[in-house]
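In what comes next, chain A is part of two complexes: it sits with chain B in the first one and with chain C in the second one.
What follows is the complex of A and B.
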């Protein structure tokens, strides 16, 4: 696959673009199910309401012919292959439809020995973007309804996938809203930063949707659920919330693939991806680590160098 | 004879998380050598800095610490070979996170103190204690401990205040 050469910039992405991807995914999924390369394919089926899509595991060629890809395919499907969602992988090789940002999660899970590359058939999507939360679902993707993460996407091309569906197309002139927001917070005086996050965290209802949806939150027992000894207060009160959010950000540091699923599912609109991005930025600066499309031997907090920075240590 | 003790308006609570092999022995040496250092510090002993989870630091702040010290063996001296190397990366990341959410990093000190460095222990602890003393008490985490969800809403921007008449009535009837 070499789509780089033919990259185009447009102001809106028509439904036809997604239909072409849909066709390619169907063809591939039907094929690998027919020749028994895989026992199932995790992909998207049309949702019950117009303009929506649901994650689905299809196991027959007939079902695979109904798979879709549209800007409503927001979910990061890699979560279904983790220990937290037991059972899907047990029987053999599995196919999975993955956007670039989902592939970073697959790569991270392989790095952490949670998945094996040989057990996956990755149908990569050359993804121009998906709908933002609450945005208008018109079928056409524009600057007005694209997700925040997609504005700054660096993984439109699913390099490393077994096959890629789509031709490289991007929306032109997107402002990096999230990066600007992060810079704005960093420029605040310290007390204001505390007030900003305190207000956000205090709204958290501890529904744990952000944890459920995260491919990297696969621990069988979360530290934040333990009560003997209790590290983090589990009721939704400001103190426990602050601790939960700091622990979450810490536990995802150096692992998070930036799919922003946590932020998407948060019913209280807490900008979780800002924390993820801040940690990613730090690990890039300190240890030159960036979550990528291909597995690495070890994450940045699972390794060290003897001459790592220690200017903050006396 | 006791050394002359000065009276201060504010005695900060300092919590020190130390490893048993180096810093704890260093602090012990300071003690057996009868060196003086502020009694503000409460020492908690761990097998290794690698065992000191960032959540311990949060917990200390929540439960009333005004300053926290984390100290262990110098790089290369770790009893478990690499515990302090891993800790170094983890704490570098944790500092960035704390700073991003608005915690003053002057309240958090990291150091390497070996079993032979009783003098360095005294210096580190004294310096942190005096620094935190001039900064005053740390209110942020302690305030959170005493707040409920709705108490922060009261101070939030107008559109986020829970102020439907029904809620107000229910709230007032609690008395």
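What follows is the complex of A and C.
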């Protein structure tokens, strides 16, 4: 495929675009299962409700023939390859459907020695974007229903995938809503910014959906689950909520690939990706590092160099 | 005699109740989400959307102190929570899938142990339910024995009418008392036509058949098939009107702290994890199986009720699109 050859800007992405990707995914998935390249494929199946989709772990060619790609394929499937989900997939090489943003998580997991590239067959998707939470699921993607993260997507192409499905198409003239929100918050006086986050965290119910969908929250013992002794209050109260979200943001610094799954799944609409994005900015400024663009040997916070910037130590 | 109340008078009723120093709780816009929150005035009430969390938190809060302790002069002093201070409460604007949940939960909360925190709040509350004219493709209340106009659980029940007012029916003495105390806000008459209800995609389920299948299929390939994708968060349980598991934590120091009760969820890996480290529900699909078993078999075994109101919140919120209505349909359609 020659996805890089041209790029088209359009005002809406029709269902036909996603149907073509669906066909390509099915063909690849069926093939690699039939010739036993992989033991299973992680992809998407349609949901009962119109315009919905669910992650699926398929192991037969018959099931693989039902896989889909649509604007409802929001999940970052790489979470199923982490040790948090161990035992769900059979041992062996695994196929995975990955959008560009999901590829960043895969690169990060390879960097952290959680995955080995040769154990993966990546069916990349040239993704024009997916639905935002609660947006209208019409089958067509437009400025009105595209996810906030997709408005500023810089990884439409699944660089590094084994195969890529789709031709490079993007919606034209998307306003960078998240960048604008970031700028608005950064411009606030500190007390106001603190109040902004306090208000958001006060709604947190500690359902841990943010942690459970995160490809990088694969710790076998999360600090926030510790109760002998308790490190972070586990009851859903403002102090513990604040501690939990700040601990998580710090722990993801230099690792988060920006898939924004934590924000998508939050039932209380807490804009968690703003925290991750702020930390990513910090890493870019301090170490000129962007997590998950390519697998690297070690991330900047996993190593020490004598010429590291020390100015933050006061 | 049928009675009606205009929307303005419904809001005036809230204003009056607030003035009477009652805690009035109803759907209210909080940031970008609608939640059941204390209403400061009638104008706070918003009836456009199903609140993201259910109204169970009015009786079973997300987190509450159950005692506090402090070491004083070498002795530990334990102080109970004074439940007599719980306020008289009116819940206004709960659709049947929320208003109906306390009527289900009362059974377990007053079973082998009386949960006085829950029961005291129940005694002090009046529920003004409202017929549901919204609904979407996640709703399935009819399939679990409720309906958009089910009065069960409500003390006073409102039905939206086409002219914007509400038909009122006092279902219990509490509801009757609420109307009697504010009679000037209500008018006699049947009013105009009611606003029609929305059709539901999953309307009919044979709950007896489903329960029988569950009894015979504790082990079944279905559990892996539907729940291997479950990522193990507590979103479904926390926003559910019927899920009622909780955990208890002592928080603070050994000398000064609080014992807190807060929501727990069977999706969590730590749920039923024994002190030895052994967990009888060692993988995620067994935890999800517990969710289905508890709602459609165990609770029915013990209390003769289904632990689900068909509100569809878990379907809308599941990070990986697990659809409980679809699962019930699948089981309902099984031959053996």
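Here, the second predicted complex is superposed on the first by the 305 of 314 C-alpha atoms of A that agree within 3 Å, B and C clash if a C-alpha of one lies under 4 Å from a C-alpha of the other, contacts with A are read in each partner's own complex, and residues count from 1 in each chain.
The criterion applied here is as follows: contacts are C-beta pairs under 8 Å (C-beta built on N, C-alpha and C of every residue); 3 or more make two chains touch, one makes a residue touch a chain.
Because the structure is a prediction, the values reported are computed rather than measured.
Considered on the superposed chain A, chain B and chain C are sterically incompatible, since they clash. Applying the stated contact rule after C-alpha superposition, one finds that A:59 touches neither chain B nor chain C.
In the superposition on chain A, A:209 makes contact with chain C only, not with chain B. In the superposed model, A:37 makes contact with neither chain B nor chain C. By the document's definition of touching, both partners, chain B and chain C, reach A:236. Look at A:254: by the touch rule set out above, it reaches chain B but stays clear of chain C. Judged by the touch definition given at the top, the superposed model places A:142 against neither chain B nor chain C.
Of the two partner chains placed by the overlay, only chain B lies in contact with A:306; chain C stays clear of it. With both structures placed on the common chain, the touch criterion links A:199 to chain B and to chain C. In summary, superposing the two complexes on chain A brings one listed stretch of chain C into steric overlap with chain B, and the stretch in question is 22-30; the others among 4-12, 22-30 or 166-174 show no clashing C-alpha atoms.
Common to the chain B and chain C interfaces on chain A are residues 199, 203, 236-237. Interface residues of chain A, counted against chain B in their complex, comprise 185-186, 188, 190-199, 202-203, 223, 231-232, 236-239, 242-243, 245-247, 249-250, 253-254, 275, 278-279, 282-283, 286-287, 300-304, 306, 308-310, 312-314. Within the complex formed with chain A, the residues of chain C that make contact are 30-33, 35, 52-53, 62-63, 137-138, 201, 228-229, 231-235, 237-239, 247, 249, 251, 260, 262-263, 265, 268, 270, 283-284, 315, 317, 319-323, 325-326, 329. Across the interface of their complex, chain C is touched by residues 47-50, 52-57, 75, 79-80, 85, 87-88, 199-200, 203, 205-209, 211-213, 225, 227, 230, 233-237, 261, 264-265, 267-269 of chain A.
Across the interface of their complex, chain A is touched by residues 53-55, 58-59, 62, 75-76, 82, 85-86, 88-105, 109-112, 124, 140-141, 144-145, 147-149, 151-153, 156, 160 of chain B.
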